[in-house]
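Each structure below appears as structure tokens.
Heads up, the next two complexes both have chain A, just with different partners, chain B and then chain C.
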Partner chain A sequence: MPMKLTKFTFASLTILFLVAPLIAILPLAFTSSVILTYPIPSWSLRWFEELFFADAWRRAIVNSLIIGTGTTLLATVLGTAASLGLRNRLIFFRGTIRTLFLLPMVVPAVVLGVGMQVLLAGFGLTNSYAGVIIAHTVVAVPFVVVSVTGALAGIDERVELAAQSLGASPTAVFRRVTLPLAMPGVASGAVLAFATSLDEVVLTLFVAGPNQRTLARQMFSSIRENISPAIAAAAFLFIAATIIIGLVVVLSRSMLAKRR
Partner chain B sequence: MSAGLSRTGRSLILLAPLLVFLIGFFVWPLFSMMSQSVSDTAVLRLLPRSAEVLPGWDRKSRPTMPMQTALMEDLKAVDDDQALGDMVRRLNSARSGFRTLMSKTTSALGDPANPPADLVSIDKRWEKPEFWLAIADALSPLTDRNLLAAVDLGRNAAGDIEHLPADQSVNRVILVRTFWIAALVTFACACIGFPYAMIAASLHGWKRDLMLAAVLLPLWTSLLVRTAAWFILLQERGLINDLLQTLGLIDGPLPLIFNRTGVIIAMTHVLLPFMVLPIYSVLITIPKNLMPAAASLGAHPLRAFMRVLLPLSFRGVASGSLLVFISAIGYYITPALIGGPGDQMISSIIAFYATGSANWGMAGALGVVLLVATLLLYSVYARLSAEEPGRR
Partner chain C sequence: MAEFIRFDRITKFYGPLCVVENLDLGIAKGEFVSLLGPSGSGKTTLLMMLAGFEQPTSGNILLDGTAINAVPTHKRDMGVVFQSYALFPHMSVGENVAFPLQMRGLGKAEIAERVARALDMVQLSALAERRPSQLSGGQQQRVALSRALVFEPRVVLMDEPLGALDKQLREQMQLDIRDLHRRLGLTIVFVTHDQSEALTMSDRVAVFNKGKIEQIGTPRQVYDEPATRFVAEFIGETNLVEGVVEAVEGAEANVRLTSGAQIVSAVSGTVAPGQTVYLSIRPERVDLTEIRGDARNCLETEVTDSVYQGDHLRVQLQNAAHPLIAKLGRRSREFPPGTKVYAAFSAGDCRVIVP
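And now, the complex of A and B:
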């Protein structure tokens, strides 16, 4: 019995450690005070107003949406195409290519940032949306590759062969059979790419100019320079978005599982 | 046969865009960072004539007249102030005193009314071989000084590798600190993560789902949000200090932020999911009846744990530890926001060299050290996770 109690206490405390910090800051988004402390004097939406109407924050949100959308499109198209290519077992250096596709997840962001700044400066792409979208796509594309490769691995090749034997052209097989079956993987890859772009700070620090300040970048500098409850309001939005994204991913995974 | 070929062709066409994209914007940047760390053209670019004359010098005697003339002509030909500044900075780092010497020399050379006969007449220091040695050593387009300096080594006048003096030895301290913080975080994650994964694997139904959801929620939450949350909680008047004071456990606020404690707490929270998930995925493959079997054969629970469960779950613990350690050594955001000046890790120093002082050579050299360490550890991790579970 004491063993069971110890286990229960340990598990509860760890869950508390994992989840409580995220929950504890949510109410602070609705404080009327200018400082981020409890007790909250009275409730107010002033920090959400600040977030949506103060120039710096509003522009940061718009920039995050532009860059996130660009990254999602580019990473999803490149990553999906490459995952389809990787299905072919006859490709030389298949393992090496796959490792290369996943490596941007491993390389420390600051290291990539230094190299990226040197390179993009050479192309005249620093301080441009294109430069930031390229940088974000490099770190977002592994998530698309992992997600789509997983979905493609779950497809029974006999289904495609059946379509082929019934006279469907390779394009028709792809469009009518392969792509619909891989779609949940593509969708969750796209969602993860968007989330990666939204949260990316370090590369943005290196390649973005003042006009491409993203929401994450703006949060980083405001924590550093003058912290205000606007941070808690932004965090509130992020956590709400996370839960929505999480639900989308879980739903698309369960759709994928049902298909199998 | 032709169908097979066209299929391969199609696959290559599908692979090519991402391959080209990553070679251009991932491999190439890493290479240009590495080449920055060994390239050393700031001096060579501006002193082409000296580069022809100086190799003929014996490196000991007084500077000859042709050497002085060549350098004077080179300096007269310089019309780019920024390049001149880069060169002076480079020379001054090899030999202090160059900054004043160069500004005196260039202004004397720029005076058309009174052309100097040689460099020694401008400043007596040009008689000393040390200054010429610094120039001669800086004329090679490749250098190992940044890479050596990244681990606090340097070359002495004779060209042998030796330790830099203590006042210049900062990088090794930071490297040791980076690995130490990463090790502490890995240890903390293992201490919490292993029992947590074990309990989760032993449960069923909603209890297990709850324990896994508690790991996945922070994993999916923005890193910045999690760091912001700890920033708010750990403040002097934050929730944790308030709570402890209300409970009467402490009298004054504990210093939790801008120090090592805060960094370790926040990083452990951020990286704990990377420890729990690999261990959990190994533990659920271990047959449930092994521990009762050991017990029925008379093993004490602790002994059964040490001899049965721990060896079987080693792969998960090793993968998780490597994953946490690899992520931790490259961390930038959390130490930058939660740590004090004494808790900055190698990433912060790289960022400082790159954006703060535009010293791309040093930024690149430290980047190479971090990159090599990361890739080595990752290759161990990849080998470990490629092993089929249950093959032993």
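And now, the complex of A and C:
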């Protein structure tokens, strides 16, 4: 019994440690005060208004959505294609290539940012949406590769062979069998890619111009200029969106599992 | 019978490993041929090459007189049934069976009708809406079977399809598949390592060992007239007794055993006097008598053990030079250990095998 109690206490403290920053910031989103501090004088939604109606914030939200969507599409397509390619046993250095795909996860973002800026400048893509989307895609692809590779590994190869023998051309096998079976992995890879783009600051600092200011970037700069509670409201928005996305993923997975 | 499938000097290497070696095999239209052998004997590889999943290292595969080496799997028009069923988990039973018809671009009405007929054939019409995961193993295998048959393929290939089922269900499915084969006139190539399955179902059995066919023939031929020691031991149980050929007369040979006893045995190949050979005697062909009868082959033995096994009595015997096993019908009397008996068998129930 004391063992159980210790475990429970330890687990609770760990969870508290992880979510404490969120708990600290969230109530401030509803403050009526103009500065980001406790105690809260009274409750108000004025900072959400600010978020949605102040030009800088509104543009940041729209930018985040544009760049997030672009990154999601590009990263999902590239990552899925890479995972499919890596299934081929005939590829030499398969393990090495797979590790290369995961490299952006471990390389310091600052290093990547500098390199990205130099590279994109060469193509004239700095200060453009395309440039930011490309930069975000580089860090988002590993998440898609990990997720789709896992889903593909779960497919029984004989199912695809059976489809071939039943008259399905390679394209038909992919469209009717491989892709539907890998779909849960592709979907969660896409969600992770979107979340990565939403959250990305460092690369954005290096490659984005004033017109591509994303929500995360806007929060970063406004916390230096004026510590307004709009940041807390933006953080609230972030967390709410993340929870909703997470719920959608969990629900769609359990629905898929039921269908099987 | 006209030859429909022909394996022409097929060799297959996996790296330095030779899995199929210079193999020739012809299969007639409407024939049920089993490829029987232990795992690693090359039988599955041969089937995979016929399906187009693997390419032979050298040699040709002909279908109806045309080489199909370069034809991709999806254009070979062969139905394949796997041991693991390989059903599409994201489709219902009905959608699984409709898949090959959709791939052939048939109309909706025709697909619906043919799916209904194919499911009816395996008594699964009631389960068309279910997912494969909601079915039992036997039901899943019947779905796989009807999916492989619904598009009326030119050949049906089965890779140990019943291996994952329990014994009773397996025996029922064996009879069901044999019945379908006869009713629909299918050409079936069936891979198995289970000798009784091969004997039950096939028109002909090809016995594989180390990438080669040791013998091909009807179930009766491979069981009663094994050509090699491997075949005699792999199919059923047998007594192998060493001896030296003394004389050959027509299809019979006189063999002197190491114990000194003389045996008259049927010969299918060619043997010469003086040659050392094995005799294969099936245990159920051995009779036990207490007095020397008038059978041509009679060995003096002593019972060492006797086990009642329900449908037969299994008696272990010790001759002067070698052990023997006899399986006696259940009406046989008991033979307690220590009893002196004569083991008798006819010349036709005994085969000379050249080692």
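Miscellaneous remarks
The rule is simple: the second predicted complex is superposed on the first by the 236 of 260 C-alpha atoms of A that agree within 3 Å, B and C clash if a C-alpha of one lies under 4 Å from a C-alpha of the other, contacts with A are read in each partner's own complex, and residues count from 1 in each chain.
Please note the rule applied: contacts are C-beta pairs under 8 Å (C-beta built on N, C-alpha and C of every residue); 3 or more make two chains touch, one makes a residue touch a chain.
Just so you know, these numbers come straight off a predicted model, no measurement behind them.
For the composite obtained by superposing both complexes on chain A, the positions of chain B and chain C are free of clash and fit together. Looking at the shared chain after the overlay, A:G85 reaches chain B, while chain C stays out of its contact range. Judged by the touch definition given at the top, the superposed model places A:G115 against chain B, while chain C stays out of reach. The superposed model places chain B and chain C at 110 degrees from each other around the C-alpha centre of chain A, with the value given to the nearest 10. Ranking chain B and chain C by residues of chain A touched puts B first. With both structures placed on the common chain, the touch criterion links A:M219 to chain B but leaves chain C unconnected.
In the superposition on chain A, contact of A:L100 is made with chain B only, not with chain C.
Contacts of A:V201 after superposition on the shared chain: chain B is touched, whereas chain C is not. In the superposed pair of complexes, A:I15 makes contact with chain B only, with no contact to chain C. Taking the two complexes aligned on chain A, the least Cα distance separating chain B from chain C is 5 Å. The interface of chain A with chain B overlaps its interface with chain C at residues 170. Note for the complex: chain B touches chain A at residues 4, 7-8, 10-19, 21-22, 25-33, 36, 192, 195-196, 199-200, 210-211, 214-218, 220-233, 235, 237-239, 242, 269, 272-273, 326, 329-330, 332-333, 336-337, 347, 350-351, 354-355, 360, 363-364, 367, 370-371, 374-375, 378, 382. Those residues of chain A lying in contact with chain C across their complex are 156, 158-159, 161-170, 172, 176-177, 180-181, 259-260.
Those residues of chain A that touch chain B in the shared complex are 7, 10-11, 14-15, 17-19, 21-22, 24-25, 28, 35-38, 77-79, 81-82, 84-88, 90-91, 97, 99-101, 103-104, 106-119, 122, 134-135, 137-138, 141, 145, 170, 195, 198-199, 201-202, 205-206, 216, 219-220, 223-224, 227, 231-232, 234-235, 238-239, 242, 245-246.
Against chain A, in their complex, chain C makes its touches with residues 51-53, 72-80, 82, 84, 86-90, 99-100, 103-104, 131, 133, 144, 147-148, 151, 157.
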